[in-house]
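Quick one: the structure is below, and I'll ask about it shortly.
For clarity, chains are labelled A, B and C in written order, and residue numbers in each chain start from 1.
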Amino acid sequence: MRELAGKLLRLDRRAIFVLIALATLLPLLHPFGLPIRVSPEVKAVHDHIESLPAGSLFLLSLDFDPASKPELYPMAVALLKHAFKRDLRVIGMTLWVTGTGMAEKVVSGVAKEYGKRRGTDYAFLGYSPGGANVIINMGQDLTATFPTDYYGERTADLQALRGVRSLRQVNYVVSLAAGTPGVESWYVYGKEKYGFELGGGVTAVIAPGLYPFLNTGQINGLIGGLRGAAEYETLIGMKGKGVAGMDAQSATHFVIILLILLCNLFYFISPRTAVPRGSPEEVGR
Amino acid sequence: MAASVFIGGWVAAGLTLFMFSFLYKDNPFFRFGEHLYVGISMGYIIIRIHYDVMIKSLYSPVTQEGKWWLVIPALLGLLVLARFIPKVSWLSRISFAVIVGFGSGVAIPRIISSNILQQVQGTLKPILNAGQRPFGMTQFNALLILAGVITVLIYFFFSIEHKGVIQISARIGIYFLMINFGAGFGYTVMARMSLLIGRFDDLILFASREYAYASLILLILVTLGLVLWERGRRPSS
Amino acid sequence: MTLFLRRTFPLIITFLFGVAFAIQYYVPHPVSEAALTEVSVWLRIILGFAMILGIASLGQVHYAKIRTGVAGWGYSVVVYVSMLATVGVGLWAGGQEEGTGFGWIYAYTLLALQGTMFAMLGFFVASAAFRAFRARSKEAAVLLLAAIVMMFGRVPLGEYLVPAAGPLAGWLLNVLNTAARRGIIIGISLGGIATSIKIIFGIERSYLGGRE
C-alpha cells in the first residue's frame, strides 16, 4: 500500500491533464444545471444599475485582453444587456491595447441586439495609452482625452456624450479588469478625486484582493470570475456563457479537491524515508 | 455562414490545438503557434499605437486643432527611443524622469488617501459604532478584521524583534495570511479552470457540423503530426 | 556640463515634477487643474512612444537570431512575417476591425492563441495541486483548508451538497481574507510611498538606468 502510494505520487502529469480535460469537456457536453446562489456583492452592482434612471451615463471600461476573455467577456455581455435594457447612455472604452478589438465587438454587438444607435445611445471611445494618466485626463476633460471616438467621430459632437465634460458627470463606472490598470487604478486616480460611483468586475485571480475596498465602500459591488458572471446572468434572467460554464467549473473544482486530498493521503502513507524532505527528488516530483 | 467565419473557425481551432499540443511536450506545432502569437501581437500593437496614439492623440490635435505645444511631448517621446543609440542613450533619462516624477508625485497623495486612510477608517469605524447596537455577528466580524489587520502589520514589522507579545501577534498574523493565500489559491484555481472552460467551449463550437467538424479533424491531424515528429526524432535502430 | 545633463538634470526634473504634482492634489485652483490636465495628456503621448521601445526590443532579439542563424531561427522568421502581415492588413483596414481583415486576424488568431496560452495554466495548476500541495505544517494545513473551502463553496455543486458552504466561503472572503489583505495593502502602500519619496529626492535612481 505504501509502495503504491509512493508510485501514485510520481504519476505522469499527463494522466492528470487527461482527467482535467474530461472534467471540463463532459459537463459542457452534458450540463446538469444546478441553481446558482447570488452573492450580495454581485447583487449590489445589479441593484445600482437598476436604480439609475433612463438616460443616466454608464461607463464600462473593458480593461482586459484575450487571455481573460472567458471570465470577463460574459460579464461585459450581461452588464451591457442590463444597461441597454434600462436605456442608460453607455460609454465603452479600454485601457488595455490588445483588448480593443474585443471591447469594440462586445459593445457594438450588444447595442445592435437592443437597436441602440452608435453616437446617439452609446459611444465607444477605444483605447488610449497611459493607464492612470487616461483616468486623470478623463477626470479633468473627457473630450480632450478622446477628441474622437474609435470610429473617428468627434466626441464633442456625439449625442451620447452631451453634457459630459469629465468623469464628474458620469453616474456609474464599472471596470472589468484583469490586472493593472484596472479597478484599483479607477478608484485611486478616478473616484478618489472625481467622485463617481464605482463597481468592479474582475478575474478570480485578483478578486480576493479587492474585498477590503468593497468593505469600505470604495467600490460598491464586485463581480468575481466566471461565477460572478453566472450570478449576474441569473439576476437579469439570461443564460449565457457564465451559467453554461458553472457545471464544468463544479466538476473541475471537485477533481482538484480530490487530487489535493489524495496527494496528502499518499504523502502521509508513502515511505517518506525514501524521499527526504526538501531533497531534489521531492522537489522534482 | 460567411466564408471568412468558416475559415476563421478552422484557423482558430487549429491554432488552439497547436498550443494545447504543449501538454504532450514542447514540439514544432507549439513553437510555431507561440512565435505566431508574438508576431501578431506586435503587429496589432503597432497598428493601435499608430492610430490611437500617433494620429488621434498627436497628429490630429496638432494639425487640425492647432495644439502645436504637443510637439514637446512628441519630442520627449522620441528621446525615449534614444535608448537604442548607445552614444546618446542618456537623453532617454530626461523622458523617464518626467514619467517617473509625475507618476510618483500623483501617486503619493492618492495612495495615502485611498489605500491607507480609507482602509484604516474602514477598520476603525465599525468598532467605534459597535457600542450603538447589541453585540452580534457584525460587531464580531469588525473585531476580527481589526485583529487581523493589526497582527498582519505586526508580522511584517521586521525592524523589531519578534518575541513575547509581538511574537504571539505575529504568529496570529501568519494564520490570517495563510487564509488569505488559501483563498487566493482557491480563486486562482477557479480562474484557470474558467479559462480552460472558455477554450473548450470554442473547440466544441468548432467541432459542430456548421464548421465541418473542424476541431475533430484537426485533432486527428495534429495527433498524426506529433506521431510523425516523434518517429522522426528517434534515432534509427 | 555633460555630467550635469546626464546625471543631475534628470534628477532635477524628477524632483520638480514629483513635488509639483504631489502638491497639486491639494490645490484646487484652475491653473493647478489645467496643469494636471495638460501634463497627463503629455504623459499619454510619451507612454505611447515608450510602447514602441518594447516592440523594438523584441524585434531586435528575433532579428539577432535570424542574423546569427542560431537553432530555431526559422521561428523568428515566423515572428517577422506575421508581424509585417498584421501591420500591412491593419494599415489597409485603416485601423478599423469591424468587418475587416484586421478584425479577422484579431478574432481568429490572436484571441485563439493568447486565450489558449493562458488556458493551459488550468492543467498545470491541477498537476501542481497533486504533486506539491501538501500539509507539511500547521500553516500549510490552514492554507489548504481555506483553499478547499473556497473551491467547494464557490461552485453550485458544493453549495448544493452542503448549503452552508457558500455562506462560509463568503464569510472567509469578506472577513478573514479582507483583514489579511487590508494589512498587506497598507504595508505595500507605505512601502510604495517611501519608494516614491526616495525617487523624488533622488535617493533611488535605478529608473534612470546605466552607471552614471
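Just so it is clear, a contact is a pair of C-beta atoms (placed from the backbone, for glycine too) under 8 Å apart; a residue touches a chain by one contact, two chains touch by 3 or more.
These numbers were taken from a predicted model, which means no experiment stands behind them.
Q: Which chains share more C-beta contacts than any other pair?
A: B-C
Q: Using the mean of all protein Cα atoms as the middle point, what chain has its own Cα mean nearest that point?
A: B
Q: With chain centres defined as C-alpha means, what is the inter-centre distance between subunit B and subunit C in Å?
A: 5
Q: Compute the distance, rounded to whole Å, between the mean C-alpha positions of subunit A and subunit B.
A: Averaging C-alpha atoms per chain gives centres 12 Å apart.
Q: Just give me the whole-number Å value for how far the CA centre of subunit A lies from that of subunit C.
A: About 16 Å, centre to centre.
Q: What parts of subunit C, by residue number, touch at least two of the other chains?
A: Each of 25, 36, 40-41, 43-44, 47-48, 51, 106-107, 110-111, 114-115, 117-119, 122-123, 125, 129, 144, 147-148, 151, 154-155, 173-174, 177-178, 181-182, 185 in subunit C touches at least two other chains.
Q: Quick check: what residues of subunit A touch more than one other chain, meaning two or more?
A: Those would be 17, 20-21, 24, 67-70, 97-98, 100-101, 128-129, 136, 193, 208-209, 212, 215, 227, 249, 252-253, 256.
Q: Give the residues of subunit B touching no fewer than two other chains, as numbers and ranges.
A: Correct list: 23, 41, 44-45, 48-49, 52-53, 57, 103, 106-107, 110-111, 115, 119, 122, 145, 180, 183, 187-190, 193, 195-196, 198-199.
Q: In their complex, what parts of subunit B are in touch with subunit C?
A: Where subunit B meets subunit C, its residues are 4, 7-9, 11-13, 15-16, 19-20, 22-23, 31-54, 57-58, 70, 72-74, 76-78, 80-81, 83-84, 89-90, 92-112, 115-116, 119-120, 122-123, 141, 144-153, 155-156, 173-183, 185-190, 192-193, 195-196, 198-199, 202.
Q: For the complex, which residues does subunit A have touching subunit B?
A: Against subunit B, subunit A makes touches at 14, 17, 20-21, 24-25, 28-29, 67-71, 97-98, 100-101, 126-129, 132, 136, 146-148, 187-189, 192-193, 203-205, 207-209, 212, 215-218, 224-227, 241, 244-245, 248-249, 252-253, 256.
Q: So in the complex, which bits of subunit B are touching subunit A?
A: By the definition above, subunit B touches subunit A via 23-24, 41, 44-45, 48-49, 52-53, 56-57, 60-61, 65, 103, 106-107, 110-111, 113-115, 118-119, 121-122, 145, 180, 183-184, 187-191, 193-201, 204.
Q: Subunit A touches which residues of subunit C in the complex?
A: Within the complex, subunit C touches subunit A at residues 25, 33, 36-37, 40-41, 43-44, 47-48, 51, 96-98, 103, 106-107, 110-111, 114-115, 117-119, 122-123, 125-127, 129-136, 144, 147-148, 151-152, 154-160, 166, 170, 173-174, 177-178, 181-182, 185.
Q: Which stretch or stretches of subunit A touch subunit C in the complex?
A: Within the complex, subunit A touches subunit C at residues 9, 11, 13, 16-17, 19-21, 24, 34-37, 39-40, 65-70, 97-98, 100-102, 104-105, 108, 128-130, 133-134, 136-137, 140-141, 144-145, 151, 193, 208-209, 211-212, 214-215, 227, 246-247, 249-257, 259-260, 262-264, 267, 277, 285.
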